[in-house]
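As written, the chain order gives the labels A, B, C and D, with residue 1 at the start of each chain.
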């Protein structure tokens, strides 16, 4: 029983795939699809085991109160995103399956890591496999996205490890349970550098600049993964380090975090509102979502962390939905905001799912985006940050503006009845729509986790 | 016995040199090389701190770091190869299809 | 006993049917579905008036005290009357106005309907907020998609951003209440109001004021009003003016008067002064309008400011008057907007100066226009009078300044009479020689509303007796 | 049971529109309703004579406040119902002639409703009910004045009438609120009982607001202009408006609330306004050519007399004069309408050319104009003496002048219209003939009413020196006007009088009112513009931030190197902050 947890399952999946790939010569090329199914089965199994048995619990990786929930939704999302990916009949190599599995593994490990170094390793696993995913899942100009992602990523990673090494030099330990705050310059500098390093993964401004480009360059289903699961991992890492490992409740850290969060929310909102391409708006919106989650982390209270975890879940699901739905439209050349009117022609269900996803991102009830924001404001209020909430309101207004700019252009609805001219529906589109429906349902049912 | 602070000073200097290296050149390769300098600084930190605290895990952290960074470098260089093949240059500034 | 959930379930079934209609064309037309839904709901409401309503409660997430609970409160019945009846009339009207994407329009229409009804009966603040937002959203789309083709979207966006800010401040109030009382349940919150520290009380009260002032709207925060009223389709304008603005008043009574009564009493003088200023300012603004729809939009705001005066006086007499005025104004303004749309359709212009002498060609329409105008001028026997009267009596007792709002009524007499004179009286223009009077459906619409205007005007005690809990 | 008096007319007001346009049926219904009301009034008058019966109904009540509507049956109110319903019968009969060619249903429905409201008004004991009927009267009069909506004149004048009387309505409303807040009751009788428990401030406010209401309804200075314009309406409407209903309501209100007004200390003001109005009305009437407008000015003046009586705490005199005035003024309007039906004009000089003296209109007209001038033996002479009872010396002296000028301007009209002798007699139509003759008989022998009247309301006559001086002045006025207008002597004087009245007319009061109206519109227009800018200001601010952010987007120019730089800058910033703060 001890080994029946998602991490081992995923790891064995990776090994199996490598083995099979190694023996590929002997396999028929038709059997490749079979490998995809195996991958999907492993992801599904991981999800099931997470729900039943929870995560692995060893030296460097241990469960915390929310880890089962977080890995659960990560696996849930990864599973459906993967199903979405393979529902495309496009040939893709087993390498992608492997990197996908290892990315998922990395992100679940981030949640569990109880040591700064294991955190670093998990993030590395996640990063490296997502670089590969971005590049290998060929779409338009994936190379540019990959290069931008990678060059920023490499620097962030080395910064991170340097920060970790400074912390080690300052305190002599990297284990979260034994770390404690000391007022020693190298240690402080290390902490500061770690903030910068982790900021990359969770796309906080000013470490966000790769994100819009990479999101736009890579295939939307991959973007869905990066912007939901991988970003969730980055934010969870923030929580791990700054709430559990280094409970620094000094005014300085709070002020720094809050200002980073506010800057992130505001700048991304304003930048999103002047974009023309839908995907880029979504990219910036995804950054602003991270800002919201971070604002809740920044208060550094239990309420704030709970709110942040729930909010991360909420926006991850919504982000996954909008990017997956957008994947369907992207194929039909719906690029610019004003073209969103033809979304509904591509897929009516896709359009509606996109619609609801955006609503959730904008924080409209009764979706979980609203409940996430509710919890965040609750956390902020209970720590007494009234002015901050009002500021956040303004940012929300701006975000309402750009979200609804897409939606009102969308005519979700207007054209459907008028134009009977529907594009022919393929079988895989039905599969995709089903996936979207399931995810959309999660947007409503997710309330029970709040 | 060299005091711990000397090592920290050294690694800080290395760090700054690395950062300078990253900022001064636009070729992908120079970025990865400068990054290596920073990683080396981190490794020095780990090792010296392990010595200072007389705990062995610092050494193992250094080794793990080394391994991980090798992966990273490999991926980076692989991508750079593709990149230079496609664009005929190593300057990452040449990219500009996706912007603001 | 009629369970309140039925009032929500019936429209929900209607929504489902509308969605299913996509796939099975054999279902009746959307208008009929919506009409029957509303008919059944009205019947349920009538039954409920006779046999009483019972509450409904389902716990969803106890950790944030989120339960789907519906309960009558002290001002529910009059508002329910409004929410159950006026949309029927608007439907009669929309059936003529809306030509494209009918099923989607009615989907949004039912959403507005169900959300307004639910806001009035919900006793959990989250449920309240959810439906509050759904109403805003649906109206955003109604304005944006069926409104003026050029400016509709912009107006809708303005409406959304403004009201969204109001919604967020309301949300902040709810969260603050939850923070200190530990519950989103209205009755629990009400019983634990003493837990709030005084500064929190102040903060929440002012946030609530912002919400109310945006929603009703009141002077500095009324920027969205004109655009969204003007560029909406007429049925959207009717929904906005008769339903959405009433949500603001409802929230003000429920929370401002129900929860923060001490603060309301403390601040009533400046609030009444603000209301009086708004009333006079808007009456002047309306006097300057040449366009009938704009004029009506502003005049609608004028009555909302009277309501604001009434509620902020904090006297139960005036609050009861505000409730009456809100209900009655819902009927009247719907009728007036309907007439303005019919005039636009028939004469091709919204400017009263360019009409003239229509009375000889359209006696029925003229009758209803004059009827509506006199009703909104507060002629006794019609529904605005008891409300206005109670508001003035109540608020005069606490602030003599409220009498100055009567000057606003004077100004509105002026502009309304100008409308009658320019549009109906005078010589018939030659271009209008072939005008026809109201059709049967429009007549039904008018008669339906007039019936309620007369009924509530003659027997205000029908509503007042339900307000005993104030 | 008093509401029974109201019912017939209400029923007729509802039934007539339902029946639609049918020949004469609307007329018959409304006439018979008025007759019913009249009979019921007689019945109740006899039943409740010298009693004080209050019938109260609760309209609605809320938390200890009861909004009750009550009717009162006593000598005064029932006498007023008698008067109103009687005059209404006469007017409706006349309307049968005058409105033959018009569309009936709307007219008679509105007339019935109008009479209904007036009957309700005179009987109501609750101020709330009083206000309700007061509003009804105002609005129905608006609709009636604008009966010929497709002509420019009625369209304008009806708007003006309602606007100006609406000032009074709203003043009434405000006063009602003030009184209710102070005393928690609407009942006039209990209000008058407890005046002294009212705070002085509230009393003053309420009193002046009620006075404004009364003045505006009764078309006194400075509100009189609407009444002149209201002549654009059909003549039956004018006659009803002028005699027993609309304008009388203003005086009646003050009569009912006389103790309150006097406690508020407004009596002298009312007297002054009364004199101003009387002078102004008479002088303005001098230049008028339009028969109905001359009558309108005389109405204004007569009402001013009532206000003089009210201002001197002489309720009985006011009511007596109201009665007298109602009788002769409606008759004069019938005459004007009758002439207009036959000759198609209201212009007195046009009528002069038609050679009217000697036909059957002459005697009633003479009676009417003599009544205006208060010449014995007509009833109005006694009424005048009743008015002047409480006058002091100054008021009496002023009144002498008024009497002179009144006689002058009223007989001017008579002499001009009936200036030349005719040969052929005019046709007599029963519905026209009967009311005129009946009313002229009443105005003639009305003096006999005196003793009867005294039983109804306490009236004191004062046939003192001044009343005879006033009589002499009136006769002088008749003589002067005979000299000037009939014989055509002293043209110079005529010209002077004309120019004087034109000067008064030209002092721009009308223009001033119109200017106020226009400036409200203009001001409203600018406020509207301001509001438009104001509401757009916020979106402008939002747009400017978007412009700002479209500049910021330039930072992300797609150069990956810049992205790395951003990371390093961010790192440096955080590091710097960390080092500085710790």
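The rule is simple: a residue touches a chain if its C-beta (ideal position, glycine included) is under 8 Å from a C-beta of that chain, and two chains touch if they have at least 3 such contacts.
What you see is a predicted model; the values in this text were computed from it and never measured.
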{"item": "Chain closest to the assembly centre - both centres taken as Cα means", "value": "C"}
{"item": "Comparison of A-B and A-D by number of C-beta pairs in contact, larger one", "value": "A-B"}
{"item": "Inter-centroid spacing, chain B versus chain A (mean Cα positions, whole Å)", "value": "26"}
{"item": "Euclidean distance of C-alpha centroids - chain A vs chain D, Å", "value": "77"}
{"item": "Separation of chain B from chain C, taking each centre as the mean of its C-alpha atoms, in whole Å", "value": "65"}
{"item": "Centroid distance [mean C-alpha coordinates] between chain D and chain B, Å", "value": "96"}
{"item": "Multi-chain contact residues (two or more partners), chain B", "value": "22, 31, 92, 95, 97-100"}
{"item": "Chain A: positions in contact with at least two other chains", "value": "147-148, 151, 155, 159, 212-213, 271, 401"}
{"item": "Multi-partner residues of chain C (at least 2 other chains)", "value": "161"}
{"item": "Chain contact topology (line, ring, star, complete or other)", "value": "other"}
{"item": "Contacting chain pairs - touch in the sense defined above", "value": "A-B, A-C, A-D, B-D, C-D"}
{"item": "Chain A-facing residues of chain B, complex", "value": "4, 7-8, 11, 15, 18, 22, 28, 31-32, 35-36, 38-39, 41-43, 45-46, 48-49, 52-53, 55, 57-58, 61, 64-65, 68-69, 71-72, 75-76, 79, 82-83, 86, 92, 95, 97-100"}
{"item": "Chain D residues within the chain B interface of the complex", "value": "553-562, 564-565, 568"}
{"item": "Residues of chain C that touch chain A when the two form their complex", "value": "60-61, 63-64, 66, 100-104, 126, 129-130, 133-134, 137, 140-141, 144-145, 153, 156-157, 160-161, 164-165, 168-169, 171-172, 175-176, 178-179, 203"}
{"item": "Chain C-touching residues of chain A, taken from the complex the two chains share", "value": "359, 364-366, 370-371, 373-375, 377-378, 381-382, 386, 389-390, 393-394, 396-397, 400-401, 404-405, 408-409, 411, 413-414, 416-418, 447-448, 450"}
{"item": "In the complex with chain C, residue positions of chain D that touch it", "value": "59-63, 65, 131-132, 135-136, 139, 143, 146, 149-152, 154-156, 158-159, 162-163, 166-167, 170, 173-174, 177-178, 180-181, 517, 520-529, 531-532, 534-539, 542"}
